[in-house]
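First the structure, then my questions, so here it is.
As written, the chain order gives the labels A, B and C, with residue 1 at the start of each chain.
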Amino acid sequence: MSTAAIRSSPWPARAVGAVSIVALFALLEALIRTGVVNRFVVPLPSQVLAAIPRVIAEENVAQRFWQTTQEVLWAALFLALAGIVLGALLYRFRLLRLACETWVGALAAAPVVLMYPLFLVIFGRSAATIIAIGFAAGLPAVILKTVEGLAGTRQVLIDVGRSLKLTSGQQFRKILLPAALPTIFVGFRLGLIFAMINIVGVEFLINFGGLGQLINEMAERYDLPATYAAICFVVLVSVLFFDVTERVERWMRRIV
Amino acid sequence: MDAAHRLTVATPASTAHRVLALRVAIVTSILVAWEALSASGLLFRDVVPSLGAIGRALVRLLGTPEFYSHLSTSAGEVGAGLAIGAALGLAAGILLGANRFAADAYEALIHYLGPTPKIIFFPVMIMWFGVGAGSKVAMAAVSCFFPIAISAAAGMRGIDRVLIRVGRSFRAGTWQMVSKIYLPAMRAPVLNGLRLGLGVAIIGTLLAETKLSNRGVGHLIIQAYATFDMPRMYALLTVVFVIAIGLNALIGYAGRRAR
Amino acid sequence: MERATATRLLDVEGITKRFVTAEGSLTAVDDVSFGVAPGEFVSVIGPSGCGKSTLFNIIGGLAGDYEGRVTVGDAVVTGPHEAIGMVFQEESTFPWRTVLENVAFPLEIAGVARVERHERARNFVTLVGLAGFEGHYPAELSGGMRQRVAIARTLASNPRILLMDEPFAALDEQTRMLLGDKVLKIQQTLKQTTLLITHNLTEAVQLSDRVIVMTYRPGRVKRIVDIDLPHPRDASVVGSDRFGRYVAEIWQDLREEATRGIEDSEAQARAGHAAR
């Protein structure tokens, strides 16, 4: 029966959502100006907004952004190499997979980032610590999704390879890996997001690095608007990162 | 020839044995490698303490009542944060799942703010809630709000529509609909959200404790770092990991039972 | 034909419902009026697309935005009404509650204390023939048993009118007939006023005092047939001559409407294919 109602456009709702949030901040501004909310605890939203360009200009934000990006890129490289290789090994050796897959799952649930003091001892207060934590935090996701992707290859494709008498190396490179690529990318993106979150977090905690360190520095200077501004900026960057990687993932799914 | 033949006709029971054997082998080799690395002195002293030293530190740790006092502080912070974050997250998720307009207006906010580093909000939490437990509870609440809200919204949308019509046909009130229909129908996704929420709540609380606190397990960890008491740090990390993984497994098990 | 208004418990007056779809305005139900007297068993029958489910939702108070009026006794229906109990077509038992807890649900909503509501629910569980299954979960029961739980649950809310939307649609023919039989016996025992929506002709004649035949979209009342078969009835009435004549008579009207429905969907399919 074609009596289903048409799904109305989401734009009016989105407009209402956006306007209501702006209204909320306007309300906050008013409450602070009238003294209801202490301006030494919550700075004026207008001040925070004004602080953003100031912070960007004075605090070398571009260079910091590049530093954090480098850390993420290194983590991404290690994640791709180690994650896919380990995932492939687990897939290749069934017994190993049966033995270790739940362990990797458990590791995914573990608070890996809490090991940062340990890494501080091993690597010192350096980019290596930050990259190492990012890598450790993202690795389980990449491994698990790689195994899942490879294991999910349709049997008929594997049979095609066998019927053509491909070696297991060729089988892996020409059939299994391409077929598993979308799922592997999902895992890679997931791992990358976990890595990014932990990288910025550890930068903040150990007061070293790029964007995370910026926030810590502003906080230690008691520059309230700048602290809030830096936090907003970092949140913006992370949202962008999440959105861009989501688009790439969707694009991948279409072309593969 | 014979061995290969035996391999291909392996029975499930023997597979289980071989998995166990492999696991034992892996764990043993890791422990042996560790001990060798520790004894060799290749890395500077104490970064890799001997297993014996870690064991002794663990015993010492679990033997002192002071540790349990710190543990209960952290547990209390995590618990309170989880309670607050879960209540708000469930409410938000139910609202977003039930009302398409609200979802179109606000769900993107939660979807995009979720995967951000929450620890960077800690300075703000300190300003608002002080340097004590308050800021840690706030960290936990902010951290776990997102996975719980997202799971609850998805759970709401997955409820069999006819069950909602049954409730309405019997004129159930809003709270009755939530407590007697929505929540029971969403048990599995909500439990999964709680599992994820607990994980990030633990992380949020303990990281905050490492940054600025004089109580709690996070504080003990950073203290061990400051005093370079590596066996103690390993012991603490072991305890935290065991608890976190254990709780995660428990809730995961409950979630599977609820299906 | 139509009984006098004074003896009606349920009064459906001039119900018209239009939907806005991608293709334009669609009239699902057009000026439908009929009544149900106390203790009567009335069936509404029609082909797919005649607006039966729309009517069900309107009478039950779950649909709004229509023209016309539905009254129960003195009250106008503006939302789910305590005098009307609904049994849905789909699987509607709560999977996380036992049979007893499912049946006790309406009493729980009404605020009845636990011991009392379980006691009362137990009676209805026995009434539908599921005594002994109180502690079972719906997943452990067959489809027919689950529908009995749904019926018991609705009866437990003590409705003046029982409104059912093709409750046996998902069941096989034999189960359907036996279950229908059981429902009829319950109805006769309780003197429960019942309105059954169905597309199954045999079922309608087997169970009802009157059958309301609807046209294909837009759904209108085509004919109302008095079923003058003896009470008490059971499944064996299906074999009688009179039964056969009623079925044949109603089938004439139904067939016309069902044919229109088939032709319409074929036309739609052709149009949809051409548009590709």
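Here is the rule we use: a contact is a pair of C-beta atoms (placed from the backbone, for glycine too) under 8 Å apart; a residue touches a chain by one contact, two chains touch by 3 or more.
Only a predicted model underlies this, so the values are computations on that prediction, with no experimental measurement involved.
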item: Central chain of the complex, centres being mean CA coordinates; value: B
item: Chain of greatest Cα-centre distance to subunit A; value: C
item: Interchain centroid distance [CA atoms averaged], subunit A/subunit C, Å; value: 53
item: Distance from subunit B to subunit A - Cα centre to Cα centre, in angstrom; value: 18
item: CA centroid of subunit B to CA centroid of subunit C, Å; value: 49
item: Subunit A, residues touching no fewer than two other chains; value: none
item: Residues of subunit C defined as touching subunit B within the complex; value: 60-62, 79-80, 82, 85-86, 88, 90-92, 94, 96-97, 105-106, 108-109, 157
item: Touching residues on subunit B, where the partner in the complex is subunit C; value: 160, 162-163, 165-166, 168-173, 176, 180-181, 184-185, 187
item: Contact footprint of subunit B on subunit A as seen in their complex; value: 10, 13-14, 16-17, 20-21, 41-42, 95-96, 98-100, 106, 109-111, 113-118, 120-122, 193, 196-198, 200-201, 204-205, 212, 215-216, 219, 224, 227-228, 231, 234-235, 238-239, 242-243
item: Residues of subunit B touching subunit A in the complex; value: 15, 18-19, 22-23, 26, 43, 47, 100-106, 108-109, 112-113, 115-124, 127-128, 195, 199, 202-203, 206-207, 210-211, 218, 221-222, 224-225, 228, 230, 233-234, 237, 240-241, 244-245, 248-249
